[in-house]
Amino acid sequence: MPINKVLPSFAAAVADIPNGATVMIGGFAGPGGMPSNLILALRNQGARDLTVISNTAGLPGFAAHTGQTIINQSVLFENKQVKKLIATYPVPRSMSQISAFMKAWQAGEVELEVVPQGTYAERLRAGGAGIAAFYTPTAVGTQLAKGKEVRTFDGRDYLLERALKADYALIHAHKADKMGNLVYKGTSRSFNVHMATAAKVTIVEVDEIVETGELDPEHIVTPGIYVNRIVARPKERR
Amino acid sequence: MPINKVLPSFAAAVADIPNGATVMIGGFAGPGGMPSNLILALRNQGARDLTVISNTAGLPGFAAHTGQTIINQSVLFENKQVKKLIATYPVPRSMSQISAFMKAWQAGEVELEVVPQGTYAERLRAGGAGIAAFYTPTAVGTQLAKGKEVRTFDGRDYLLERALKADYALIHAHKADKMGNLVYKGTSRSFNVHMATAAKVTIVEVDEIVETGELDPEHIVTPGIYVNRIVARPKERR
Amino acid sequence: MKQPMDHETMAMRAARELQDGNVVNLGIGIPGLASNFIPEGRSVIFHSENGVLGFGPLLDESDGDVDLINAGGQFVSAMPGMSFFSPADAFAMIRSGHIDVTIMGGLQVSERGDLANWMMPNRGIGNVGGSMDLAAGAGKIIVTMEHVTKDGQMKIVRKCSYPVTGLACVSLVITDLAVIEVTPKGLVLREVAPGYTAQDIQAVTEPKLIVAKDLKEVSL
Amino acid sequence: MKQPMDHETMAMRAARELQDGNVVNLGIGIPGLASNFIPEGRSVIFHSENGVLGFGPLLDESDGDVDLINAGGQFVSAMPGMSFFSPADAFAMIRSGHIDVTIMGGLQVSERGDLANWMMPNRGIGNVGGSMDLAAGAGKIIVTMEHVTKDGQMKIVRKCSYPVTGLACVSLVITDLAVIEVTPKGLVLREVAPGYTAQDIQAVTEPKLIVAKDLKEVSL
């Protein structure tokens, strides 16, 4: 049977995510690369007590055009589905902006682990690469090093950091073929590419689905073996 | 000044490699992706006591067409320029074939460190990623784990492995633009792509040099900041 | 009449283990031949350590392209859906459990599934290549090898005397004489080559074999 | 007459530190403005943590593309030689020393070059983003910030009281009042804003400043 991972709806793609699951959510922060329709489907599906691994918790207006409607992780906090967030940039830049996450965090409803962004990227990569842990020079001597092993190599101190893995990854790519090979667009590649490799089930929202063979083997960024489910955005929501 | 890293000759590109340098040599094993002209230039240049980091020590006939002349790492062993080799597949597959490296090794003229290929790839990547060391499940319980720290994460044993770095990398790519952005061809990408990031000075032999801007930003595999010197193969030797 | 399996038959038997949609890494030699015998109706994606997924059948040298090889140095063909990537990415796939099955050659397999296949001790030097990474990371490890060495030494042993490639990693051993499963209880003899009995196999196998209740002749 | 530098002037001064061929990462705010003032004849390659190298000037929102942003969420322009890659690759570049210069904002800089810029303790929560990786990995770290806070607190201090981003990592501090170099011997006052004396700067700087023999007015 030719491999075909395309599903008919975002709802079908996230239907089996159970309460208590660990879910990676891709993108960087703005609308580019954000799997908005999958996030919305997870909001509507209602799974609770989620651990969310995501660069931000939703930043209002980040890298968006004025008036552009942006659906991001924020809806999951508004809907009280998240018990823990692992992120690098959890709150709006300005202290005057209050996000749904910030409210939940202030109310003590959600736990937070802040990770330096390079360590976060590397922990995701390690999760998808079968590497249990690694030593990085980042954050040595800071409060984010608290409780972590420090070790000296060649006269320099490094922190031991563990791999990040998840039950599900919700990501966005530009194009997929039916086998799940993916290409991205510009800086919207971002964390999508690492999360695809680090989750048991990777679900991709794409702008366009093409026939297997249409993507140049030299240009494929995420090989299809990492992808489990593909759903195309309706044209009007691309 | 527009950046232009193109040099006129292979000899000029390797002229400053000193005795005792650590040199990575790219490619996998066959002629595809092998920086043959740079290797030949290094042979002619004559630097001695080199530590060579390379997947093989030159495998006669590997992935080559009958009668095809192949210049590979072997010439450096023939010319007695190497004091240590770090490799995954150091000798010919058949016990009846004797390579220049094998002779030198049997004569006690060259030291050998054998590394599992995945660990080798990951050590190269770590060298280019500022990661000092990492824990991998590969080789636990084997003789290649001798002297290495074993540590248990989530009930599984892992080995601690260190990054590999070098003074110089000699690599092959398909095309370069003048800033040093690189694309490769098929499976000839191989270790070239990791070595480019892990050496202080990366020297690239390419099939073709194009103007900066001609390579699609989505398709560049090695960004130009990793590349120091570029030399094009003469057309008849591509 | 006793009829050991030839290499093609062993490869055919190994290929039967490949399920629809499996991602598969094949060693050179007998394992590589398995790519010619994928059961009808099953899509299998081939992976190689040098950085390629989804390639097609092996090519004759004259048709081959030096820029499209597998890790064994064989020329392979292009297929729709193929992709290229770095060796670090190729081994990331292996270690993270994305390779469902690997078929490898073997020098020795032990009772508990330890594998030795990277070094002939009498040579004093070995080519490890990707074997240890596959032993540590691949989902199901199938070893295809002769049941005994050319000079009659047993290769299925209590404990490997050759340097090991990985510990307790082998799931299934397919030899010219038998198909043997590695289980927590020990080695289970599942199938024999035509004309062979369980006793025949035990005679050339060092550890005590558990004979499957439904022991049968190898079928393809 | 005393004339503090405005943000554009601070950015101009910071831009003078960028050498031909440098790979440069700019934070948002004053650092980002520096991209408008690269000295004539110098080629500088801009890097951003989200996975892009070699982009051009910032774009107005109306001209921007959501698929071409920097890590600060600003729209940037395409340039010949630009490349896209993953964040893990972007931070590999940072940690491995391939970023020559980074210009960042600061909340506090200590005598020995410790930097605090990721968390206002009174907020109780911080956005670390890529700041700690840049602090650990970038070649030369330039901090641009006001010399004192809005309510007159000193920001160049003996020891940071805010949570630190990195230890002994800052090379140069450019404030609205002065240019100060971090050296093994201590902080060296190199340049002052028009009309300011060394005493003026010392009065708003907690650690003892070493006054450069050739102390001069900031020149652009």
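Of note:
Chains: A, B, C and D, in written order; residue numbering restarts at 1 for each.
As a convention for this text, contacts are C-beta pairs under 8 Å (C-beta built on N, C-alpha and C of every residue); 3 or more make two chains touch, one makes a residue touch a chain.
From a predicted model like this one, the values you see are computed outputs, not experimental measurements.
Both subunit A and subunit C are touched by B.
More contacting C-beta pairs link the chains of B-C than the other of the two pairs B-D and B-C. One inter-chain figure worth recording: subunit C and subunit D are separated by 56 Å, centre to centre, where each centre is the mean of the chain's CA atoms. Separating the centre of subunit B from that of subunit D, both taken as means of CA atoms, is a distance of 37 Å.
The mean-CA centres of subunit B and subunit C are about 29 angstrom from one another, to the nearest whole unit. Each chain gets one centre point, the mean of its Cα atoms, and the points for subunit A and subunit B are 34 Å apart. Shown for subunit A are the residues that touch two or more other chains, namely 122, 125, 129-131, 136-137, 184-186, 217-218. Residue positions of subunit D with contacts to 2 or more other chains are 84-85, 88, 91, 94-95, 137. If touching chains are joined by edges, the resulting network of the protein chains shown has some other shape, matching none of path, cycle, star or complete graph. Chains touching one another, given as pairs, are A-B, A-C, A-D, B-C, B-D. By the touch criterion given at the top, residues 1-3, 125, 127-131, 177, 179, 181, 197-198, 211-213, 217-218, 220, 223-226 of subunit B touch subunit D in their complex. Those residues of subunit D that touch subunit A in the complex are listed here as 48-52, 61-62, 64-71, 73-75, 84-88, 90-91, 94-95, 120, 123, 125-133, 135-137, 163-167. Note for the complex: subunit B touches subunit C at residues 28-33, 59, 62-66, 88-91, 93, 95, 102, 105, 112, 114-119, 121-122, 124-125, 136-144, 184-191, 193-194. Here subunit A touches subunit B in the complex through residues 122, 126, 129-137, 151, 153-154, 156, 158, 162, 183-186, 217-219, going by the rule given at the top. Of all residues in subunit C, those touching subunit A in their complex are 20-21, 23, 41-43, 45, 47, 53-54, 78, 80-85, 88, 91-98, 137.
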